[in-house]
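Input: structures, listed below.
Next come two complexes built around chain A: one with chain B, the other with chain C.
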Partner chain A sequence: MEILSQLILNGVMAGALYALMALGFNLIYGVTRFFNLAHGVLAAIGGYAFFTLSKMLGLNIYLSVATGVAIAGLAGYGFDRLVYSKLRKRKASNLVLLVASLGVFTTAQAALSIIFTSQFQTLSETAGQEALSVLGGVVTRTQVIIIFSSLASMLGLAALLNGTSFGKAVRAISDDEEVARMVGINTGRVTGYVFFIGSALAGLAGILVGFDTGIQPTMGMGLLLKGVIASIIGGVGNIYGGVLGAFLLGLVENLGIWMIPGEWKDAVSFLLLIVFLVFRPQGIIKR
Partner chain B sequence: MDYILHLATLVIIYAILGLSLNLVVGYTGLLASGHAAFYGIGAYSTAILTTSLGVNFFASMAAGIAASAGAAFLIGAVLSRFDGDYYALVSLGFNVIIYSVFLNWHGLTRGPLGIPGVPRPALFGMDFSSGVFFLALAACFLALTFLAARFVARSSFGRVLKSIREDEKAIQVFGYNTVYFKLAIFVISAGMAAVAGSLVASYINFVDPSSFTVMESVFILAIIIFGGLSSLKGSVIGALVLVLLPEALRFAGFPQAIAAQMRHVVYGLFLVVLMLYRPQGLFGEFKL
Partner chain C sequence: MKKTFKALFGVIALISLAAGCSKSGKEAGEANIIRIGSVGPLTSDLAYIGENMKAAVELASDEINSAGGIKGKKIEIIYEDGKCDPKEAANAANKLINIDKVTAIIGGLCSSETLAMAPLAEKSKVILLSAGSTNPGITNAGDYIFRNVPSDSFQGVYAAKYVRTKLNKQRVALLKCLSDWCLGVNDSFKAEFVRLGGEIVGEEAFPQDSRDLRGQLVKIKAANPELVYFVSYTEGTIVGLRQMRELGVKAPVFGADAWSDPKIWESVKGDGDGAMYLEPANKAYPEGFVDALSKKTGGKEINVYAPRAYDALKILASVMETAGTDTVLIKKGIYGVADYKGIADNYTFDANGDIKNADYSVREVRGGKAAGAK
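On to the complex of A and B.
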């Protein structure tokens, strides 16, 4: 019984992280209609930006988180301006964009390895590791912070999309970019902002992973896949579906390793993806 | 001289990988991004069978082809119902999972330690262990792969693949079950990739999981996109250029660890620049 509640707690925790990845991925997919595989490396960029500011330069932790998130956002914005927006202008197919994002991913990940070496770095020190007991399971304070910052980001994003004219513009572009442009929305600029927000969310996920376990340059691919799997099983392009998918994925993955060793988590989540693709390819909530 | 032989052998191995991947990506228009998984299954089959069971190299290659084709059949049965970005993503995910199998199934693969002591092939008392002989053997396999790929591409089966690429709905109307065709070419391509895997395991005398990451798949993809999709000649030339180009970094005097990462930077940028300025590559007749 104790192990079960611990696994469920771990699942919720993982779900909160995957939800952050899925939110950004889905937001970007919604306006650009391509699978941005470079999304994962932005988590690594966020993590390393925080690492540099806080551990190497000794900056205040909150300031470092905010700056790290902003740096990840700016990196995503930069990738859009330098690569994707040019391809979109040329009406390149979504596969061309996907291959370009694979190139961006490879380059950025290798650049991180060159600058910071491939070594595993942990972000948290002893602080924040005292354990709390919840429903028979144990969570660290870091993990509580993860849950709350993830929920806060979800609510913030929902408020942004539903309550502001910017949100209206984003939804209009997601519905139909041509029409959105015709009614006078500057789609290029809005898409740029969406890249900033989505990438900043990935950066936050990267920093939180760093607090929970640690960072290394290759962390991006795993997080990307989790975010994309969450999006697909939740219903791709639907940001609420993505959140639902993320928590489902987190739970299934952690309950799936009840009887088998933990390193097969990724295989469990891939299996979940396959099951969805075979039986419900449109995801839980159809767009 | 040894160095030139070494590079020539690597070019040949990547040319085989490029040719096989081009059948799926170039001819059929499906962006398979997990080719290193099948390359790895071939390599591990040879490594395991030759070291622990003492099986002959050529028999181990046949087993590798069978194992790789079998794995491709299983995942392809799901994959072939999709196309476009879903196809790319699921094949990429498959690569990640196969990599984690190589890494975590200690009983079979020895995990991150890898399998050392993979022997060079010998046949009827002929020994291929010297560099020149191995190069000749690899060249024979490249020639076989090239002929097989050309045969597939020019057959009526190949014409169906091209029409799937151009308009899948239209060819379905003519009564072709496109799922079977997509599955068949995926399995064939995986079998060919296993040939390259067996060769590399025996050539380097060692396999470990780090050679079969997603990065490796991206590299093979870069080779065929640079050479040109749907061009077999392009795949060979793409392998030649992309294997040799990063070698310049070695002479620029970067330390080993950084040079390996610089190689990734080079071909990552290569992909981005190709997409921006010449998405059809050198000889491509098909643009993504």
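On to the complex of A and C.
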């Protein structure tokens, strides 16, 4: 019994992290309609920004988290201004944007390796985190923070999209960019803000992963893949679907290894992706 | 069309220019320089140990060159990053063999690197001498493949005997990464442990780059072992030990020689206390060596492999002193090395290019530092 509840808890924790990645990914996809692969490296940028501020410069931990998240957001905004917006102006196809984002991913990851070396770094200071017992299993304090940050980000994003004129503009662009522009929405600027918010969420995910396990420049690809799978099975472009997909993915891959060896965890996630692509390509919630 | 042609012409001109330059550059120094490659992880998993070994090779080559080189020729070491990855190591070996025309390669550290380079070195008759790869498969990897570190067929057996008889544990769970080295050590431990009447109550594996071992650990905890034999490189070990503590896995852990990386114990702080592992027993280092190497590494702690990497280049140089740069003769020379007094060990090579002696010391972690076990 204990093993089952622990696996479920592990699944929920993994799901909370995937949800953060999926939220930003879906938000950006909704507005731009391309698979922004560079989304993964923004998690690494967030993690390393925090690492520099907190560990190397000795800044206060909360200030470091906030600044780290903002730096990831700015980096995402910068990628949009420097690369994607220029390509969009030239009416480049989404395939071109996808390839460009892969280029951004690789370049940024290499830059991180050059600056910080490729070594694995742990962010948390405490040894032997005291674990809290929940429902017959254990969770660490970091994991509690992860799940609350994830839920808070989701609610905050929902409030932003539904309750503000900015949110209205984002939804309008998601529906039809041409029309949105015709009614006077500055689509370029709104897209830039969307990149900032989405990337900041990825940066937060990166920092949390750093606390939970650790950071290294190549951490982005794994997170990106899980975020993308969560988005696709949740309904690509739909931020609520993405969150559902993330928790489903986390639970399935962690429960999946109950009976089979743990080394097949990633295989389980991709199997879930294939099942969805074949039987329910629109995802849990249709956009 | 004209534009494309021009561009094409430009590219071809550039490439031939670059090729021409590098070629003429090589030939100029050919007569009085011996090139030797060095491959090991300089980034990624085990980079900490890889950089330490690189510094040791550098130290050895400085000493050889300042003593007049080999038969009056200076040696030049070309360092490549194997990234603890078979594909990267094979690329590095191809470059070293075909472009730099090296006589020998010191490396790799990870067994997957060495196993990937072995067929390339064997085919081109280039000497490959590893100071850190311990997978049993390297024993039969080829005539030109050597190592001056004992094979894991010794290590797994030694560890199994120690755990079964000295620590008196009966029920053991295995946790291992999926790499040539991890699987090699794990399998030899398992076979010997079962032979000695022990019981394997759980066996879990994880991809080498995985940083989330919680699923595997939950299952190991449920199997309730008396000890966990945990074979992993630096990064997997750091997260594994932390997650064990988090999930409340109370059984003691026993690891293999990759745990001689001090980075692990610095990173996990108290979570590593009580952990034990084996490492090849090195001799006491001569005076001056530790200082000279520390100067190269910027004061980083010297791990067990760096002195062996130093010895590897020195053995090679001593053989080349008589054999010259003819790799067939060098190969013969290394097989004939008997009781060579290195700084880490005394080496005698057997007919497979392995060293004959294998002695280990058991290390125990206390207060974030490894020391000899009681």
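Some notes on this structure:
The rule we apply is simple: the second predicted complex is superposed on the first by the 282 of 287 C-alpha atoms of A that agree within 3 Å, B and C clash if a C-alpha of one lies under 4 Å from a C-alpha of the other, contacts with A are read in each partner's own complex, and residues count from 1 in each chain.
Basically, a contact is a pair of C-beta atoms (placed from the backbone, for glycine too) under 8 Å apart; a residue touches a chain by one contact, two chains touch by 3 or more.
Just so you know, these numbers come straight off a predicted model, no measurement behind them.
With the C-alpha superposition on chain A as described, chain C and chain B clash in the combined arrangement. Touched residues of chain A, counted separately for chain B and chain C, are more numerous for B.
Applying the stated contact rule after C-alpha superposition, one finds that A:266 touches each of chain B and chain C. Within the superposed three-chain model, A:214 lies in touch with chain C and out of touch with chain B [touch as defined at top]. By the touch criterion defined above, A:192 reaches neither chain B nor chain C. In the superposition on chain A, A:83 makes contact with chain B only, while chain C stays out of contact range.
Contact with neither chain B nor chain C is seen for A:167 once the two complexes are overlaid on the shared chain.
Looking at the shared chain after the overlay, A:113 reaches both chain B and chain C. Note on the chain A alignment: of 25-33, 115-123 or 169-177, the part of chain C that runs into chain B is 115-123. On chain A, the patch touched by chain B and the patch touched by chain C overlap at residues 113, 117-118, 261, 263, 266. For chain C in complex with chain A, the touching residues are 43-45, 47-48, 178, 203-207, 209-216, 218-219, 221-222, 234-235, 238-239, 242, 245-248, 263, 267-271.
Contacts from chain A toward chain C in the complex involve residues 2-3, 6-7, 10, 14, 113, 117-120, 122, 127-129, 131, 138, 140, 213-214, 216, 218-219, 254, 257-258, 261-263, 265-266. Chain contact summary for the complex, chain B toward chain A: residues 31, 33, 78, 81-82, 84-86, 88-90, 92-94, 96-97, 100-101, 103-104, 214-215, 218, 221-222, 225, 257-258, 261-265, 267-272, 274-276, 279, 287-288. Residues 34-35, 37, 83, 86-87, 92-100, 102-111, 113-114, 117-118, 221-222, 225, 228-229, 232, 261, 263-264, 266-267, 270, 273-274, 277-278, 281 of chain A are the ones that touch chain B when the two sit in their complex.
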